[in-house]
Amino acid sequence: MNDVHPDLSVNVGPLELKNPVMAASGTFGYGREFGSLFDPALLGGIIVKGLSLEPRAGNPPPRIVETPCGMLNAIGLANIGVDRFLEEKLPWLEGLDTVVVVNIYGHCIEEYGEVARALRGVDGIDALELNISCPNVEQGGMAFGTDPDASARVTEKVLAASDKPVIVKLSPNVTDIRKPALAVEKAGAHAVSLINTLTGMVVDVETRRPVLANVKGGLSGPAIRPVAVRMVHEVVEVLSIPVIGVGGIMSGKDALEFLITGARAVQVGTANFVDPRASLTIFHDLVQFCRDKGIARLEDLIGTLVTAP
Amino acid sequence: MIECEAEISGHREVVPGTFLMFLDAPSIAGSARPGQFVMIRAGSGLDPLLRRPFSICGLYGDGAIGVLYKVVGRGTAVLAEKRSGDRVHILGPLGNGFSAGDASLPLLLVGGGMGVAPLFFLAQALCGLGDRTFRLFTGFNGKAQVLSASDILHLDVAAEVATDDGTMGHAGPVTDLLQAALEADPGSKAAGGVCACGPTAMLERVAVLTAAAGVSCQVSLEASMACGLGACLGCVVHAAPEESVSFFRVCTEGPVFPAQAVDWTRAGPH
Amino acid sequence: MNDVHPDLSVNVGPLELKNPVMAASGTFGYGREFGSLFDPALLGGIIVKGLSLEPRAGNPPPRIVETPCGMLNAIGLANIGVDRFLEEKLPWLEGLDTVVVVNIYGHCIEEYGEVARALRGVDGIDALELNISCPNVEQGGMAFGTDPDASARVTEKVLAASDKPVIVKLSPNVTDIRKPALAVEKAGAHAVSLINTLTGMVVDVETRRPVLANVKGGLSGPAIRPVAVRMVHEVVEVLSIPVIGVGGIMSGKDALEFLITGARAVQVGTANFVDPRASLTIFHDLVQFCRDKGIARLEDLIGTLVTAP
Amino acid sequence: MIECEAEISGHREVVPGTFLMFLDAPSIAGSARPGQFVMIRAGSGLDPLLRRPFSICGLYGDGAIGVLYKVVGRGTAVLAEKRSGDRVHILGPLGNGFSAGDASLPLLLVGGGMGVAPLFFLAQALCGLGDRTFRLFTGFNGKAQVLSASDILHLDVAAEVATDDGTMGHAGPVTDLLQAALEADPGSKAAGGVCACGPTAMLERVAVLTAAAGVSCQVSLEASMACGLGACLGCVVHAAPEESVSFFRVCTEGPVFPAQAVDWTRAGPH
């Protein structure tokens, strides 16, 4: 069995991935940063840092702090803006034989539409991922993602402006993750990815100040994996569009928790910092697991979770 | 820049709480420049989770790099427990490093506390160039904390030492020594530039002194880091108002910056 | 300074605690389990395992599993019921010179009232803590704590039936923690404690089953501390009744994060498993911190967080 | 029962992947009974977080307890890296332990895999009693995994061994040996009872055999544990329908239970 090559390809709605391991937005830059360590084209997909219409400087430092089995970040969605992305980053990405997803966001619904329009018809971009975890300026800074209606309206706006498959990335900071999931499905999203970061805070007891200049930040890393797996489980039970699992994936075994639960692909985030080759290792772990278990198509593993006693 | 599992070929406590670790990493040692750093994964498990950044303090034997570190928290505490023969994952060399500047004039190296680490490597490299002259000023809290270039580099570099408590060398901040050197040389025709690393307050003072003296100055900065590769945008420092950008990433645009490129008013405690 | 004895006493509304370190419900049994390791009376308070009117057997095993820097539990609120508690456990607790809080719950609003009534006038019980994180059978099993109105009604019901101060323990599995907090304050709660566990899930990739027989469980331990500190911060900003901080406290430094943020006391949970003397050590850490910093009254430290840049 | 930081006075790999660790803990050794266990904090940091339960496999020298463990995951892997002289936090002795039963008749000890650990301690104790006779049956996957009582206890206890692959002793499950012993002695007048520990499937088989033979049987069970003190209610097993309760806490009501008190239909894989 050890010599056969299991088929790891999966499709996420209209997207065909050579394998289910993608690099999560904001943790893999524009891919090239990792290019001297391994070939990013070996991954199932690359999701670039969240992009807005205009360049954004982001929050003042400190922007990150380690927490138990995780980290908080308050980058403030710093990014180079659509124009520079298209000029400086996309050409290299376009050369890669893998799926390229552009993560976009705005501070009002209009802005989401504008970014989508600016990327309309651009070759080399296989899909858009909407980060709806960022503050909704129109509605008092509460994140779009915490309001199912706002989530749906953002999705509709982007679908209307774009010619690309749209993945909506859900915020875990909600009472019932199924509500925004169902709302964006109804609005026409091609897939959902979850989870984005949990909001957290760390206090420096010496200075009696929050460690992050932004006071609060987003919690990521293995610490949040049980919450992510639970939410993916809740969402796959009610949704018919595909789900991409994200949150604390450090190893192939962790990725399998999401795939078995029903995610059709996974995103690796914080692990890229712990080991810049983590996503590649996770891919290799999956291949090995399929071989050991005699699984010819990883597809057959997806959603095989048994919950009956 | 590469990622590898390096064997610890030596590890000793040079002064209480501060350790010198040798890591066998020929491909990193082969391309490392003074001022560059490595990201070390201190633990094997999930605690600590992220890698920790450390300057390369010198090259040793064939293919080993030195890391001089102080135990300040969990990551460095775990590192301090490692023994020769153990292996740790490292990523590097990272960052830009110091540029040697005008080769005809002597460089002034100013290091405070652990900030001496990258300057020791620079001193080692300058000695290697032979013809290149330089002066090394180092500052510490007291005699017990003094890190000696000759002890750590096995080079006879006579550092001019300052201690806050006056237990060794000049009594006062290391910047006094720099100030004296600059004043002794009006118009500072004899200074090919200053390279400094240490606490932010010290660096700010160095920036002021060099600006006043019209001497070019490079400072090596610190920031909390996650990736070390320019990808996470977590390690930024405020750029001076004149700069075209608001922030610099310490891991890639730095850690070495022209002193005037930094917004010292918002440089923060560390 | 090292020889003076800082005053660690704090009051949580009507409750006078000799120090702010309490043992969290469900992690310290009925106190006696730890009695051979240290004197529980040294703590500021003991909160016993969640009590219901009738004894409950709880969930089938496995009930717990370790997660990165945390653990999931699905005990199912197993407990001995009011009668046996009063007969077998309270007498010993009554003998302790510390505050004894009884954590109670029900599967319908009525049941909360009944437990409160059964404990009415009982000596040796200094306060009640309402666990509103458990499923609301009347409303399709969604936890009371995720519905501000239900939270308020439970609180009113208990206040009407009880002669004791009432602490309401908030669930973190909500979009906006301030809503249930404000609702129970309005309903008359004397204090709130937060956070209870975050809902999570772990999958055994070998058996392709959830590790817990109950499928989902509650995530606790250091992994959730940043979320707990953030929620305490959000709640103290809007509430006038006292807040007790809970979630991932392993050391005095961790407890200080909550106190500086504005919690008037803290609860130590999972740490009791990692080190059965953890709560005592945390108390000693606080004393040492006050000495080192020359703080005469810990009271002066509470809520001193500086968030201005 | 106490909590202390014990020094590791010895540590060796007895068969591939299985280690014997000696812990200096006089106050625990002084009161420990066969069948009792300790909770060991494997790591110093937060990963692994919870303590891990291990049976006491015997008493050594003055004041040391032995722990015989197999590396199956993160906690045991971290434990395996410890060296003599290192210190670990342990809590114990915990649980009820075996009861010796009718002293006039020989006890039958049945251990499968790591389940031999508490039975080795029991055998050691029975040897100590001198007059008490017993037979020790142990089962393993193959010769390479066989844990020998004499090697681990420095006692000449001749265990009757069974291996699944037949590479040593009887070819088949260890329960065959028990079955033979019980059948060789109809009405089993010669059996003072059975004490067993091992995989659940094996224990269930032992329960069936002893029930059929009318011999009293004690089994030592496992469950994932958090506190070890009866406080968290995390470690329960299903009680037999005849019992007054639905669940038993393995850490306090157990780990040793009368075989008939357990609901074997719901005892699960481990």
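Going by the order they are written in, the chains are A, B, C and D; count residues from 1 in each one.
We take it that contacts are C-beta pairs under 8 Å (C-beta built on N, C-alpha and C of every residue); 3 or more make two chains touch, one makes a residue touch a chain.
Only a predicted model underlies this, so the values are computations on that prediction, with no experimental measurement involved.
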Please find the path from chain A to chain C through touching chains that uses the fewest steps, and give that number. 1
Chain D and chain A - chains in contact with each: B, C
Between the pairs C-D and B-C, the one where more C-beta pairs touch: C-D
Report the chain whose mean Cα position is at the greatest distance from that of chain A. D
Mean-CA-position distance for chain D and chain B (Å): 55
Using mean C-alpha positions as chain centres, tell me how far chain A is from chain B in Å, no decimals. 36
Cα-centroid distance, chain B relative to chain C, in whole angstrom: 47
Multi-chain contacts in chain B: which residues touch at least two other chains? 46-48
Residue numbers of chain C (touch at least two other chains): 60, 68-70, 207, 221-222
How is the touch graph of the chains shaped: line, ring, star, complete or other? complete
Using the touch definition up top, name the residues of chain A that touch chain B in the complex. 26-29, 33-34, 36-37, 49, 57-58, 60-66, 68-71, 73, 75, 78, 207, 221-222, 250, 270, 272-277
Along chain B, where are the residues that touch chain C in the complex? 46-47
Show me the residue ranges of chain B that touch chain D in the complex, using the header's touch definition. 43, 45-48, 74, 78
In the complex, go through chain B and note every residue touching chain A. 1-3, 41, 46-51, 89, 91, 223-227, 229-238, 245-247, 266, 268-269
Interface residues, chain C side, partner chain B - complex: 68-69
